[in-house]
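What follows is a group of structures, each given as structure tokens.
In the two assemblies presented below, subunit A is common to both, partnered first by subunit B and then by subunit C.
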Partner chain A sequence: MSETAVPQLELGRIGEIVPRVDGIPKVTGEFAYSSDLQAAGMLWGHTLRSPHAHARIAGIDVSGAVGMPGVHAVLTHEDVPGAKRYGLEFQDQPVLAYDRVRYFGEPVALVAAEHPEQARRATERIRVQYEPLEPIVDPERATEQDPLHPDRPTMGHGYRDDPRPNVVRSLVIRHGDPDAEGEVSVSGVYDLGIQDQAFLGPESGLAVPDGEGGVDVYVATQWLHVDRDQVAPCLNLRSEQVRIHLAGVGGAFGGREDLSMQLHGALLALHTNRPVKIVYSREESFVGHIHRHPARIWAEHRATRDGKLVNVRVRILLDGGAYASSSSAVTSNAASFACGPYAVDNALIESTCVYTNNPPCGAMRGFGAVQACFAHEAQMDKLAEALDIDPVELRLLNALAPGSTLPTGQQITGSLPVAEVIRRAAELPLPEPEKLPRDPLRLPGGSGNTTRGEGVKRGVGFAVGFKNIGYSEGFDDYTAARVRLHADGSADVHCAAAEVGQGVANVILQVARTELGSDDVTLAPHTTSTVESAGSASASRMTWMASGAVRDACRAALEERERTGGGEVDVERVYRHPRTTPLDPETGQVTGERVHVAYACAAMRVVAEVDVELGLTRVVWIGTAQDVGKAVNPQAVTGQIEGGTAQGLGLALMEEIQTRDGLITNASFTDYLIPTTLDMPPVVSELIEEAEPDAPYGIKGVGEPPTVVSTAAIVAALRAATGRELTRVPVKPDDIVGL
Partner chain B sequence: MDVLTPRSLEEALRLKAERPEAVPIQGGTDVMVELNFDRARPVALLNLNEVAELRGWSRQDDRVWLGGALSYAEAMEPTLAAALPALAEASRTVGGPQIRNRGTIGGNLGTSSPAGDALPPLLVCGAEVKLASVRGERTVALSDFLVGPKRNVLAEDELILGVSVDAGVSRQTFMKVGPRNAMVIAVVSLALRVDGELRAAFGSAGPVPMLVRSDLDQIGSFPQRVAEAASPIDDVRGTASYRRHALRILTKRALDRCLW
Partner chain C sequence: MRIELHVNGEACEADVWEGESLLFALRERLGFPGSKNACEQGECGSCSVLLDGRLVCSCLVLAAQAEGHEVVTVEGLAEDGRLHRVQEAFVAAGAVQCGFCTPGLVVATADLLEHNSDPTDDEIREALSGNLCRCTGYAKIFDAVRLAGA
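Let's look at the complex of A and B:
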């Protein structure tokens, strides 16, 4: 059995540029991803998935598969020994479908065989009697149709009581006088398609039975302990009998918060008493994980004639798909950020997420704030135009600042330099237009050779956005770290923080080296078996939280050694950020000091060239200023900004899961396009380091703000170039041409 | 699955006659995708990579012979690109460097996709496809070779040897529209060649890439004629109305380029 080795750093403390510990192995191809795991005697698992978006299951006959060559197990819901359902927030998702299937690709049965091809062939022999039902595919009509979950699993969790069927959560924020009138009003309706995380490493992992009834699962995931807590009850095991270990992660972006193969692999491993490996195909990955919520947003902004926002009224409709996943938190986040980083005395915000038979949606980088930002920034530009005020000036005039009160009633007590990021981004010098003729690769259409300059217009766009750092609404969010000091002066650090490519392995070592004053520090494998939970590598929280936990554990270890006068020391400490409290279910107002822990903002300026006759785009240049608190590893911060910007560019221009009656029609990288190096321009990144008072070392997370803001900024540049409204992303060539 | 690897053309034709179900594979950029997506499990592959007779290109008076194994990367090399510039431009639009090193003109012909990037440039150059079997050789005009989406007239015992094209003096260009700036399947594509007449061919705008010809004095109406000759559909990559619109724009721009 192999386990991903954690390469060790040579040196590096907080604030220094430190090469990624996994950088060289990834570039040279030597890094072991979860799909590279091997074990002696290993079987291959495969999942039979629903070809229907909505159907009743009248019966499942596995007899045709059981006797197939190489087959060791064929499992259905009847073989699930414990709880039949699981879920991140609500247990509404069947381990294996039992009475009906609610989305295209829902797992129905499992096979383990000697060879992956044998497993695939055997699943084809399983006969499932489906009775197709009418799929719910229009989120606007979902609340009038039969409930997909008659037992209403998300009701009664402190949420507003909404009696309509198929509501995952609905939230209303009433702030000030929601009927307050302004002298000027602009309104619009905005749509966002379904974006996919599109990580390159498909879902994969290895489950190994321990011979004593328990199981070890090696998997690419974002939160080891919450995987364990979902897997163990379904297997009818105690939590210590299920140990989850982090295998090499090929990208996450929220898409690995939910379980993929963990439970299925463990079921097959325990059933066969053999190690079982599951690797999703690309097509299976697209149908097998949750996506970013598609949204429709109705917005009206009322302002004084000199540009001060008076009242913002927003209605947000999110399509959650068939199961809750983290939809309830996304619903709340979209509401929290609906007005953007602007002070407004009055607001009425409604955010609703519905169940449908469309692809299931959950966490993705930006988590509700991306959808909100696309709408509020389009509105701010519209308002600037209506008032004939410079769009940057309008944003500065309304910028939030410490002391401002948000629509939830929370007062900003920490750092939030909105005006500073706006000014710094707006001051970045724009590149001169490039002369013609030029290489077609430097024109819209790129290698397609479609223009020599004909039809090309240039536009400049600007956008600002903000997002919360960490988990919200009263969630007890913590991270543990364990530090062992050895007699020879060396130390090792245990923390279950998932390294998903964001660089938290470096961060942990930088903090430990800084606190211990030593370079001889080793990072132990990330696992549930030696240390308590680290929480999720999500919500731009991991750097803040892991730094807090490792700092506290290091300081405690030094004190312990001081007290004992040397020798071996082994301490574990749990770090918590300042407490948050829930929103009032009726008013959407904060019930304590804060609903979110802290906020981070970013501003972005974009130059784009658009071939207005063919509707093709080349983003020429992007400049951004981002509020990062403290850059623990400045090179990694820049990397997060560039990567996050590229993901937002993808949503702006090309990335969309397409469906027909709930069935995904483009589940491949041939037809789900993500940006290439010819689509992504150079990014000038200004890091604004203003310490967050509540965070260790003043740190803020950096992964999400660039994604929140870049979609909005890029589409603003396209609007400037084309003069069109462009109210939907991804923007299609048809939209630019006006077909 | 058997993998048959002939060392000569004679052996390849014999194997194809004995095992007509064997799927020919050269670069594998189409066949392997089908295998990896579990859409095809052929009982045998006929690996043509060791058949030297299929490689390279040569000049014969005003015509150029392109072996079936000619890669896109080879079609972009300066000497051949000077003779067949539209084919070189089309080759640059295919995938990334690795795909262009592996993918071949013969494979593009064999797959006969409506979106095959090499097909419009070959059509405007009067391509004739040479097919062979143990029964003998025959030559088929490319426009007759393509009969439907991913369908052609290849008999089950036949292999594609290569294609002969007119490389006489002309102006030509190729353009391809996709929603990102590299590595896309064509939403719509167009090749244009101007010599004694106007010859345009489009891809991804009908069941097969199609040739449209006109006299030189019809320049003004030619973009509209090309757009009207198309029979595009709505699919995940684009809409029929956009494809028709884009063909008009592309044809106009291509005429400007070639008549300048």
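Let's look at the complex of A and C:
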């Protein structure tokens, strides 16, 4: 094999294409992911999970497991020393199930043993007496069934008081005259299945007791400090006794916002006084974490005969599964984005999330806006057809712009170039139809060799979507950074921003190098022990927020050195984005200037081929224009767009967690398919750089808009090819053929 | 049981339990954690290694089956501190995000180029279709393969 020299890695300044700071360790295999960690005397932890979607626990007998070879600890809810429940927003989730289990895969007991197989076998010897209960599996009936959480943990937090059982949150937005009539009306009902984040690095980590009652947890996560704040109360420890350190993260996409092994590993480590490693299998990962909310959306669009939207009426039902996770914010986001990036004077939007015994749902890339976009874009195409207007023209006619008022009453004060992304995406030249005969790999059905081109139809689809950047509704959203300048001119930067693959480590270094005017800058390990919280690597916020914090800390450090005349400088600064305010619980109207900090939009054009006889599809080409504010590292930005688009393609065509009576039936990469090299077409990305006035360097987040828009755009292309309505994703061959 | 094998050209030995995969032995017993444990079902390719020069999923090979055989992992591709051209191309093309699929893709790409120094785009897509990546959408991985093959 031929070899070449190690490339000279130069971490540049803002706006430059710079190779990843962790690139070489990742291609050589040296980068330490959370599942790679080891420690002397380490034990392996394993979790016993519920085989039922809903059951009462009458008793747990661990005696059969305790004496098994190599076993050092068998723990149940009785061994949880502090709070018995935790949660991202509401403490409704048991650390280990105590009176009942509410979903398939809910943690019930823990084992630590010398070998992972010993731990697995020991969990099989734990006898749990379950009394199965009827699972709530139909979200439309959940509000008429017995409450899964009789204490209503999500009520009384400033949300609308909904008296129905099993409501996590319900929200109504009344804007203008919700009864306003148009000259033309179109309506539809849209469904989305459960999507999984399917990050490749399974949940894993290492918990190490400190010998003084505290614990260090090395884990792949999205928000170190909120993990600590959930773990410490359950262990009955002070927060400084729990230190969470970022281990290498094998993808996240929202699926690492909630705790996985953090608490369980810490419990076992403190109990055995030994380091404990937990690594989920793929099956355990599928059942052990939250998913994207499945949704049913009823929509009616009323418009004038020349295409101006008059009134949009939408009802959204989200299935949250058994525990709240981040469902309340997803519910609100789905409502905020229900009308799409269009100006409409009147709207009535109801968004409700219910508790069920289906798989638990929470954050996934796009966070409520994905579901909304699939419905509003199908509606816009339907309206264009009813009015006989070009669908791109219809979107331009109604496009939001700075100064527009959203259904929440918030006026757009920052950047939102909706018309520009529409025009730029629509101008991208389409590839010519490919001639026949051709290699079957380039036909629907691929190497299955199912057609030579007969029955294959081509369609072109278009969609536009938008989403908020950052945390909303009055959340105190901040990021801290600490900068140390050394006497020799070097500097190190501390920031707990989770590098989950998106490239925020490079961003931090690019900002520090730009601000300090020096290349001799090092990024310190991400941890709770040396710096305050960075907030979550979520909501397309981390690049914006980390840039603000690092910028401010660098500038303060330079000022401090100026003041003191040199020597060592060590300063920490906290950056906050402009304050948001909650929605009024009755009207859904913003109570201050803004409910969301800022917005980003994207438009996408898709060419697809469909074998209309067999229902097989091939996405041929994707072109997109995205509003990115400022591309800090253009190569990383297009990487986010391509990867985010692929996840939307997965939801459009193949990805769905399937259940039977609440039990997941496809927890493997054999049965839950994600896009491969054979599924992904080329993606042409146009970056629209219009500075966001409230953000450092004009930055906007870029991770989510491509995922928001691509599912809608791909299904639009399939509709164009087939003439079918295709109201549910993932689209199945049966839907295309019309079975 | 005790096994002896060669990993990246060096003689290694380990005590393994009969049910352990080659992947587990490499990662947990032999000090080669570069091969990744994404599915352990032979579906994702992240544990790809060369076993006597053949590309395999090391999660589907028992450690005991590797007794007496030659294994090359991602850690064995760079030589004398110089990256393999495929590794260099993955960094330069931006083909790495979270990187969990990267070791498997680097090994699979090196194997592809070893047998076909100038693959067409369709040949690249087919050859790498057993390696799942969740971050990149594959575009920059294709760029990297073309760069390494050029």
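Here, the second predicted complex is superposed on the first by the 727 of 739 C-alpha atoms of A that agree within 3 Å, B and C clash if a C-alpha of one lies under 4 Å from a C-alpha of the other, contacts with A are read in each partner's own complex, and residues count from 1 in each chain.
The rule is short, and it goes like this: a contact is a pair of C-beta atoms (placed from the backbone, for glycine too) under 8 Å apart; a residue touches a chain by one contact, two chains touch by 3 or more.
Note that the coordinates shown come from a computational prediction; the quantities given were computed from them, not determined experimentally.
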*asked:* If we overlay the two complexes on their shared chain A, which of subunit B and subunit C does A:S35 touch? Say first, second, both or neither.
replied: second
*subunit B versus subunit C as contact partner of A:G445, first or second or both or neither*: first
*Considering only the touch criterion stated at the top, classify A:Q658 as touching first (subunit B), second (subunit C), both, or neither.*
first
*Name the contact category of A:Q647: first (subunit B only), second (subunit C only), both, or neither.*
second
*Check whether A:S325 is in contact with subunit B, with subunit C, with both or with neither, and answer first, second, both or neither.*
neither
*Classify the contacts of A:T624 with the two partner chains as first (subunit B alone), second (subunit C alone), both, or neither.*
neither
*Who does A:S281 touch here: subunit B (first), subunit C (second), both, or neither?*
both
*When the two structures are overlaid on chain A, which partner does A:L616 contact: first (subunit B), second (subunit C), both, or neither?*
first
*Considering only the touch criterion stated at the top, classify A:R120 as touching first (subunit B), second (subunit C), both, or neither.*
first
*Going by the touch definition up top, name the partner, subunit B or subunit C, that contacts more of subunit A.*
C
*Return the residues of subunit A at which the contacts from subunit B and from subunit C coincide.*
281-282, 441, 447, 668, 670, 675-678
*In their shared complex, at which residues does subunit B touch subunit A?*
33, 36-38, 89, 92-93, 173-185, 187, 236-239, 241-242, 245-246, 249-250, 253, 256-257
*Okay, in this complex, where on subunit C does subunit A touch?*
17, 19, 27-28, 32-41, 43-44, 46, 73-75, 77-79, 81-85, 87-88, 90-92, 94, 96-103, 106, 110, 114, 122, 124-126, 128-142
*asked:* Using the touch definition from the top, list the residues of subunit A that touch subunit B in their complex.
replied: 120, 281-283, 441, 444-452, 454-455, 613-616, 618, 653-654, 658, 665-666, 668, 670-671, 673, 675-679, 730, 732-734, 737, 739
_For a test of understanding, state which residues of subunit A touch subunit C in their complex under the given definition._
1-7, 9, 17, 19-20, 22-24, 26-33, 35-36, 38, 115, 117, 197-202, 248-253, 279, 281-282, 439, 441-442, 447, 500-503, 635-636, 638-639, 642-647, 668-670, 674-678, 680, 682-683
